């Protein structure tokens, strides 16, 4: 938007050639928001398709509850991830309908009545990885995607994974969660035609280095079609898989 | 597939209830292939939707040429990434129609006549990152996706990126390539509703540590919807973005 | 297993040339198991020769107890490693005969009456490394190997190790456990003709980096015949040493 | 051996109670060798069962040739690993019967006429990993073990590995070689009852960090029975696998 | 100061050419202080313009209180950073006028009556980074600089930052505080003409590695004019920004 | 800038209350530039006070020469850092007046006639660090700051530094360059009242890790008033020191 | 000691040419000790000049007390480092004369009446480093060296160190203890003619990485005559400094 | 030195109570030197007992030759370490008597006629470590210490080391050089009563990480009396060992 372009736009507006709405729409693309009004980025849903999500770790319970209520006044779906039991209690006190899942550690608004769409396959290597996997699952379901869980399918018993090859192949996207050596996504990506979102977990000890071993494994996957999120970032994987699933369901995507 | 299930299947086959084709189809899901027949995984395209791609680095020119010809006999699109000029020469000697792009360092079969579909936006931070960006671009175009290039849009002059916000928003997927501090994907992901595939490059010096700085930046993005591939892995990002783009174009994805 | 091979097999089955049992056996090599039936991999013992072992860390006591009882119904030897006192209590409540060793932190089924076979020498550098060494020892004894313990034989007083050279030389395999600088396996491997399994421990401080120093020392051993397991992984070393010991006792191994 | 013990021994020798041979044998256990005589550790074969092997990297060709000839005068099998073409030439000039394999980069004495024994399965993930795999193979064959090569069986096409499950199961030991994400040993170890020696290779780029990614993967394997050697250390894996194979063939190992 | 120089100086002093004051002033440049007199570096303010500041972490409350009182006897401004509530209590008991801010965790002498000068803009990416940002803010205000806070302006919603571009541009210096991927300083430095002091925080998880990701991002900023302090070092950034601000206000700096 | 604000602004413009210039000025703060016009960020000088500088490493000589000429048409000062001799030759062929300094490896437009202002002290630990120090010096002088060089003043002979304490104290800013253990900035910062910009260099070997040791030393300086740039980043330090020096000279900085 | 040599020795013994004492002395050089007698290495003092010292961390109080009493029966000086208050209590219950210093965390036998010899200067950068410095000091004093403490002499106020230059120069050895950036040993070693033993401490935060920054600084010291011990290893530095001090006092060291 | 102290000193000088010499001597302790006179630290030998040594790496041959000649004019012993053949040639052209040793890569003044004193034992693990060991040896001999070389005594054949135990025990200091796993110093330190200076070398591959593995091993030695220098720093170890050796020979060290 050069000054020249802007001058022309203003001239056309003054002359009545374009109306107020068009000018506003044009400039709104740049999304400048009055910051003095509110710190909370209510505009994010419009811009990115997803509401702001509360990251509970390190926040005080009342603080979270306050933000939760604030967001819930304007959004249908409100989520707080990494929520301790104390946070959940504080939220429920302010927002009685809130639901807490103590495996994924998510507290959120009650499940929507809208039907979920598409299908994401969620493969998880070991039972210790479940909290991360469930964080991804709950996020996807909250945002409206169907999730097919394939748990305890680590590569040390690869037949367990292979017996679910149909489920994997029929999904629009696969989320693969693994700690320790993190080899699951490589094997999965060798079997399917859709994107695999790999989530390393901090499960392991010694040279697992809190998830670094799994992270490196996934980044170096010899199978193509794999991309990776941060260690234990079930939320991030869930959002991206949800995006892909919805693109796949909706179709008719951008085309020149 | 339990023994019980198998026994039943065999019984139904013997009795003529199901025919040979159905049994083979059922078992073929597990894709066991006679390896003595050929090392080259011709079956991969069927299984994953993508042909085997040759990684040129560290291979000898004649070796690559041999594999290239072999694959070209059975696939419409054959690619060799990280190809030196010598490799390109060797391939062209055996397969005259091959095309070499010395920015992306890809040698491949000539461009398909088929129309490309959808649109992937490809944002690249600096001119030194172009070889990696072009690797992604060439791969996506070879596999049939439209690519919209937005080059030299690093965050140190964020207005350059913002002026292209429409292009970013209208794509089905964004690939964001950056070296040094690697902040581009975070800014991009805050602007769009679609998946952002982040590619760290080894561009930089000192504490850039050959791409580690950019890799960590991207893994820790505070914006959701970002996933990451290996350092300099334009190919991997291209394949995943192509997958997402096609899902978005085709639509009607899996749904329960 | 090509489709052709399968078709021939099916034809021979239908014609009665081979019976149901042979077909099942042939296909069972691939070990596909009905996963809906049970998550617990009961099939592992048949496939790998070892039952599934419970890794107690991060699991809840009742959870462990449940799995323990379940496995004990089908296996003679059941082990839970990294078991806290609380886990041990929970297991004993459900399985009264269980035995807890609070040095190795293993809770298991009572010792078998079967005679143990062969001999593994277990060398341990310092007294702080004992929990890891005992984890290895208990695992080997539980699975039926004789273990000869050589404790407190660190290289800072190398004469202590040398005075046991006979014990080391007569074993079928040596497990060498050390923290801090982890030099023990190198010295041991220079003295014996059998495999040395090196176990770095997290004992140390400062630049010991939780076992990394010892791990690197062992990986870089200038003596040949050394291989290494994860930091503090007494269990893994024990299983591999037990495998080697039994191969040595049984003899008549595979030969073309 | 306390002074007291020694005094008694000497007294018994002087009195004729024990003869010279017994005293020498007793003391020889400690293997002290006159170092002034020769730096080359000729005694190693007696002590460890394996002759000293020359590590060619960083040594000058004539230097290697000199040591080679020296060792060949006393040993049937002499090996120099990591030998450049120049080293091979220098060795051949001094020892005409020497054989050079330019894949494994080993120059050695000509193959023995003795029949090889047992069987080690050698699984290798990708073609770029072959030099390391062949280093292991050549070492095992030189020392007298049969080797069954399973090449190009990476986990991105897991069916290739599964179709060789019989070969893996019938071996006395498996060596599994892989670069990039290094997931092969985990999958293999979930299928067999024998020790798996894992060899990470430096194949890969970016966050493969010259083999660290594969090394960590292997150290953190969720399958038991895996131990690991240094990056690219085909030699070390070969020696250990050879030891295990021979123990398995010979049998009747140490037993109390 | 050569012996020759000193001799001349002394001669001139003895002859009365220079007086005692001039000699003392000349030698005082080297600031040697009788250490037997006191460990506390009272001389620092004269030398560096800033009084010694107490780093509270790891010190005992009474210990801090003692030093605080001691310093307060000779300095107008006394600060203790990283002060726990216990430390604050102990200080207040000894120095009743002390003020504690439990966000920045600073306990200090009451605010000065002197008017603050100039202006430093303080941009902070997320609410979890506030303790570090406030440490910088409190330090700058205590030392006499005006601070303009711009909080919650992370790059995932870059419009928030852009709407404050005037504030950023009109400051004498910018302090930019961010955790996770730490991209804020790069974007800021692309917008302003003054130095940007970047402060990485330890906010984040997984591959944020306690602030390393943000630190590397900032060190590799593609925008010029950025320098970096230690992770969570709000204090250090505050001091340097205060120095720059005062230089800018005072002007007439050193010139040949 | 909310839509409301914009609507009001537009209404006032249409009614003639504000004129075109005021509207443009208001919106121009956000600096959106037509990117289709030129990739080279000519606008940067206006925005940040510094022209775009060419980073020569990894660029081809003709490419650099082209950009150099292009920039020189619009800027008085044009710099290319990390320029090889080949780059310098290529630039001179296109721009005959260009000057090359082969210590700092900078090729640039000839020195300005304008008098330089203020003073920056540039302390450098060892002679091997000089290329980095000179990069900083040349940049500062090109942009118009006086530089006082203090070379070979490493802390292993601390008296050398102390004898220059007057020079250090009288500067507006100090740049301190050091490799190996990088202790110089800490000692300097304990002596002066102005900002110290620390530049770690890659000089050293072994555990210097290409500059990491010096970088960490500087980030952890126990003296306050130190901030750090990337390893070997003389350019970045020079720009920031130049900014500070000019602020100090000009004075009258922003004040509420 | 070849078999030949041994045979000759035995023959000479039998013939009476050499007596029992000479044979024992000859063989005793190799120090083989009856390990069945005791695990505690009582022989160490004779071999290395220092008794075994108990490392208290991670040991149980009663366990430490038991070892303490055992050692005290045979040694004049017994030390337990890293002793918690609980350990100290347990030791005192068994050995009433034991003394506990809760700064250095050492519990030991009461101070010897023997006069201490020589002098070691002990320089310590900050007050947080005192526990490590005192560990070194207590060890040296217990073993009989005089220690001259120079505390709070960090390089950020280098004049404090310089004012003690006489003390440093007159010592036989200097121990220099520092955390954070760890620059003290470099400055010290530039001032003295004797060995400097550098001790990095884990004091610091952020990129101090628990002492790694200080460790690297010290390893890369540009001053010669510096060697380094593990992070926080005051004990190790104390032992080595004590050795050097005693060599310096005694004189007449080995000479050909 | 407080102002008060100085005033008194000056008053006593003026009154004639103390003379010029005493004042100069008092102030000279702080060693301020006119730096304008010469950059080369000629004063170092007086201050530290060792002349400045040239580090040849990265310096140009003529540059080294110039400094060499300059130093040789004032010092009996001049050394340049890490000198390439080209540097040696350049030095010899200017200083014909210079001697070059191409194993240690040192060029120096011809050997002194003075008798060497004392004895340092120099143990070296493998033949590839010799260049580093010889750097230490040449430095010690040049400075006047006797050196007893024990080469090829790595721990994989520990008997070789043990057969030299007398040599080790009779030295005043031991330098122990090792690459790969670096275990040699630990074993040595368990055998002797004198300081062991450990030198890690960059010999090794894979996870040796250019000497990090050996460095960590040595820092974590379980034997006391070990201190460590930088990777490949034979020079630094040589200087410190020479210091210790001379202290031991001279005796009568500082004592209160």
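A, B, C, D, E, F, G and H are the chain letters, set down in written order, and residue numbers restart from 1 in every chain.
By our rule, contacts are C-beta pairs under 8 Å (C-beta built on N, C-alpha and C of every residue); 3 or more make two chains touch, one makes a residue touch a chain.
Given the structure is predicted, the values throughout are model-derived calculations rather than measurements.
Novice: When you check each chain against chain B and chain G, which touch both of them?
Specialist: Both-contact set = C, D, E, F.
Novice: Indicate the lowest number of steps between chain E and chain H, counting one step per move to a touching chain.
Specialist: 1
Novice: Taking each chain's centre as the mean of its CA atoms, how far is chain G from chain H in angstrom?
Specialist: Centre-to-centre distance between chain G and chain H: 22 Å.
Novice: Using mean CA coordinates as chain centres, what's the chain F-chain G distance in Å?
Specialist: 48
Novice: From the C-alpha centre of chain B to that of chain H, how far is it in Å?
Specialist: Computed from C-alpha means, the inter-chain centre distance equals 55 Å.
Novice: Where the centres are mean C-alpha positions, what is the separation of chain A from chain C, in Å?
Specialist: The mean C-alpha positions of chain A and chain C differ by 39 Å.
Novice: Give me the residues of chain H that touch two or more other chains.
Specialist: Residue numbers touching two or more other chains: 1, 30-34, 44, 47, 157, 162-163, 189-191, 206-208, 212, 215, 219-220, 223, 230-231.
Novice: Pairwise, which chains touch?
Specialist: Pairs flagged as touching, ordered by label: A-B, A-C, A-D, A-E, A-F, B-C, B-D, B-E, B-F, C-D, C-G, C-H, D-G, D-H, E-F, E-G, E-H, F-G, F-H, G-H.
Novice: Quick one: in the complex, what on chain E touches chain F?
Specialist: 1, 29-30, 44, 47-50, 53, 117-119, 146, 162-163, 165-166, 170-173, 189-195, 197, 215, 219-220, 223-231, 235-237, 239-240, 243-245, 247-256
Novice: How about chain G: which of its residues touch chain F in the complex?
Specialist: 125-126, 154-158, 162, 180-183, 186-187, 189-191, 204, 206-209, 212-214, 216-223
Novice: Spell out the part of chain E that touches chain G in their complex, as residue ranges.
Specialist: These residues of chain E touch chain G: 30-35, 39, 41, 43-44, 47, 55, 57-59, 200, 202, 210-212, 215, 230-233.
Novice: Help me check something: in the complex, which residues belonging to chain E touch chain H?
Specialist: 1-7, 10-11, 13-14, 20, 23-24, 27-28, 30, 32-34, 37
Novice: Touching residues of chain D toward chain B in the complex: what are they?
Specialist: My answer: residues 127-128, 151-153, 157, 159-160, 162-164, 203, 205-208.
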